[in-house]
Amino acid sequence: MTEDEDVSTTIEPTVRVETRRQPLPPRERLERIFGIEDLDALYSGKPAIKGVTMDVYKNLVTAIIGPSGCGKSTYIRCLNRMNDLIPSFSMKGTIRYHGQDITGSAVDPVAVRRHIGMVFQRPNPFPKSIYDNVAWGLKVLGLKDSLDDRVERALTQAALWDEVKDRLKASALSLSGGQQQRLCIARAIAVEPDVVLMDEPASALDPIATAAIEQLMNDLKSEYTFVIVTHNMQQAARVADMTAFFSISRGDEGARWGELIEYDATEKIFTAPSDRRTEDYVTGRFG
Amino acid sequence: MSSHGITRADMQHVHLPRRRRVNRLMEGLAMLAALIAVGMLVIVVWSVAKRGAGAINLDLITKNPVPFSFEPVAQGLANAFVGSLVLVGLATLMALPVGILVAVYLNEFAPPSVRTFVGLALDVLNGVPAIVIGIFVFGLVVIGRGQSGWAGAFALACLMLPLVARSTMEVLALVPSSLREASLALGVARWRTTLSIVLPQTIGGVLTGTVLAVARVSGETAPLLFTSSIVGTQTSWSPFHALQSVPVAIFELSESPDPQDHARAWAAALVLLLFILFTSLAARWLATRSRRKLAASR
Amino acid sequence: MSSAELTPEATRRPFTGPRVRFGDLVLQVVAGAAAAAATVLVGLITWKVIDGAWPAITQYGVRFVTRVAWNPVVSHELYGAGSFLFGTAVTSLLALAIAAPLSIGIALYLTELAPRFLRGPVTALVETLAAIPSVVIGLWGILVLGPVLRDHVEPGLHSALGFIPLFGAPSTSGSSMFTAIIVLTIMILPIVSSISRELFLGVPSELKEGALALGTTRWEMVRGVMFPYARGGIAAALILGLGRAVGEAIAVTQVIGGGVFIHWNLFDSGDTLASKIAASYQGATSKLQVGSLIYLALILLVFSLVMNLAAQWIVRRVARRQGLGART
């Protein structure tokens, strides 16, 4: 079967792809922001992911899905050099960001993280006031002009402004989980990154808070590029333009690592996947 | 005592009344031990309180000693109180920044092997007897140059350092790594993260540790004997010569045959004891408060 | 500024910044220097003490350690640590012998027997005992304990147990090794009991319940389960307590009376290594005397280092074993 053949009658996906999503522009019109070539990530010499090659495109939401243990979090943390914090970590391959290789010891990870922000699985606001959580990063990184406006803009974009505008001086820890996570998003986008990486941002939140965050990504992707790791297929189907499916490969002596199996427009992944393993995953036959 | 602890004989009901008696005897002995310990504490504190309270007056902290006076004359230990203030204050200023920096290095930068090694050095330092520290500073600074408040303060600082470093390390370890990650992910540098995000979280614990170290060191006599004990009777705030201190004053007065001196010793002992007890309580209160705050922020 | 405007910036701005940020380097160097200083301090102390003792080391060598003499008279100067080693050994070991069962008893009481509402306050009280400065305990020892021992306890012990050489003729001033032993006991007690208490609290309740469920009495459970489990830690606690007693200079020098002899009568005066050093602070005259005093400090330092390291080693071995036990 070729890719063009309509196979929607032959598989029953367990998720429905949102039809009100805008269709993707043709591949030639998309601007490449990340070019990942043959990436290996290793802990103490043992590979966690192997041979990942894919491009991430500007102003899209790209989802990384796959069963637990397939290295999704490891992968996304490579993109902003967060894995550098782990002593046993090492990396092979190339990650080009706007054409520049950001791997290797000659590159300053702090500068990388200026442009590529991250939101974590569990909300981790600073033990400061709501205002200071957003303002502190701005002050430290030198974006001190019209601080109040910048804070308001970030909180508005994170769909949190109306809820907190009367208590900006209150402690961030007094907010609910969903609000704290939106605060972390506001904090990340306030410093005007290019890309925002999200590592399962809604897994600790209730459905209403989750929906708020998904809506946020949709509204903001005209300004930022999002890469989101999620274990929730429905979420990927709702929110992502492109989807990358990772799975676990096994080798001898019990070695396991993650590999990129298929990467394509979300619609295609969920209705007409090319790889058998992708089909098995999205139809719920495993994982 | 059998090496297996519980023997078959223990379990047979035929011995039960005897086993019960042994048990009750042991429980009684344990309670007796506790009573003796509490009793000793009560006796010592009561002695100090009773004899000290009788001799306490404002003169104690306002007047200086008048040696070799055979008629009763208004005198006190003002120079000792001032001296202790200066010595402990300087010691804190010396030990606190170094202790915090050591803890930061061990917790944030050091590889595990360095951490165990320096940690061991800190524990060993903690175990060196105070009199040996006094001799050390004596050999280092006093020989040839003479005693001084600086020497005494440095000796006290050597005692405080392991305490401050340990308590700071404990609090640093409590700061969740998610906080560090959040700051680093923004593109903030490591040093800024440590100073602006991590350390402010530890203020409560550092304060507690410092207060405890101050309480401990205010009563130390041995390190000061060889470094800051040969003093005159005038009050002085300058650490460039030897300063009198409350513990050394009590020590000297306790060896004197004059009951007037003894009375002053009791009074000073009472003030010292009260100070130490209050600062220990304050530290404990601070500790529970900061623990509650950290728990609430989880 | 939207990310579209940022993009050309990003391609132009190089990521190849300085390999190590200046601020990071400064912080790491300064903090590392502090850590190095703390480590070096221990070595410095050892070196300085050896250096100070050098005149006596070169003069007497190792025989200093066993010689019983302390004669500062100018033409017949002769020094030795023998009597002080004896004093240290007798006072510290006997104090430990008394304090050990007391401390363990206290710890048992506080963890197993005391009613819940008493545990907190009594623990705090025992820990307060540790907070009393040694000079205050020494003051109490001279003026309160000493007379009581001299007038009541020592004569009593002498008449009852006088056939034992330990309980010879009572002291005349109240200052004696016996007083020092009592004082040291008071000082060791809080340390050993608080460590023992933590150890007993750490015994897993499944082990205790397992024994009790067999029908054993509480004492049998303690003897059969808690003591073996906590054995290593208690050994470390005892070593730490011994170290405390050996190193105590002030309270001991206030109550021990002073003297350079070896005799078995506890009611006689004597001196320990630490108390002799403290007693001589007013000034030694000759270089040899100063050197000999510091030689005493060196012996003391070696003792406390060995005991400290031994306690640490035991603690690490026990922690490792118990860490494994927790996982099974």
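Residue numbering begins at 1 within each chain, and the chains themselves are lettered A, B and C in the order written.
The rule is simple: a contact is a pair of C-beta atoms (placed from the backbone, for glycine too) under 8 Å apart; a residue touches a chain by one contact, two chains touch by 3 or more.
Just so it is clear, the structure is predicted and the values come from calculations on it, not from any experiment.
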Count the C-beta contact pairs for A-B and for B-C, then tell me which is higher.
B-C
Centre-most chain [mean C-alpha coordinates]:
B
So the centre of each chain is just the mean of its C-alpha atoms; given that, what is the distance between chain A and chain C in Å?
57
Approximate Å spacing (C-alpha centroids) for the pair chain A, chain B
51
Between the Cα centroids of chain B and chain C the separation in whole angstrom comes to 14
Which positions in chain A touch two or more other chains at once?
110-112, 115
Return the residues of chain B touching two or more other chains; collapse runs of consecutive numbers into ranges.
189-190, 192
Residue list for chain C, restricted to those that touch at least two other chains
21
Which part of chain A faces chain B closely enough to touch in the complex?
80, 82, 85, 87, 110-115, 117-118, 120, 122, 124-127, 136-137, 140-141, 173, 184, 187-188, 191
Across the complex, what residues on chain B touch chain A?
111, 176, 178-179, 181-190, 192, 196-197, 201, 296-297
Which residues, counting only chain B, touch chain C once they are in their complex?
1, 4-6, 10-11, 19-20, 22-23, 26-27, 29-34, 36-38, 40-41, 44-45, 47-48, 51, 97-98, 101-102, 104-106, 108-110, 114, 117-118, 120-125, 127-133, 135-136, 138-140, 143, 158, 161-162, 165, 189-192, 194-195, 215-216, 218-222, 225-226, 229-230, 247, 250-251, 254-255, 262, 265-266, 269, 272-273, 276-277, 280
In the complex, the residues of chain C that touch chain B are 21, 23-24, 26-28, 30-35, 37-39, 41-42, 44-45, 48-49, 51-52, 101-106, 108-110, 112-114, 122, 125-126, 128-129, 131-140, 142-144, 186, 189-190, 193, 211, 214-225, 228, 240, 243, 246-250, 254, 274, 277-278, 281-283, 293-294, 297, 300-301, 304-305, 307-309, 312
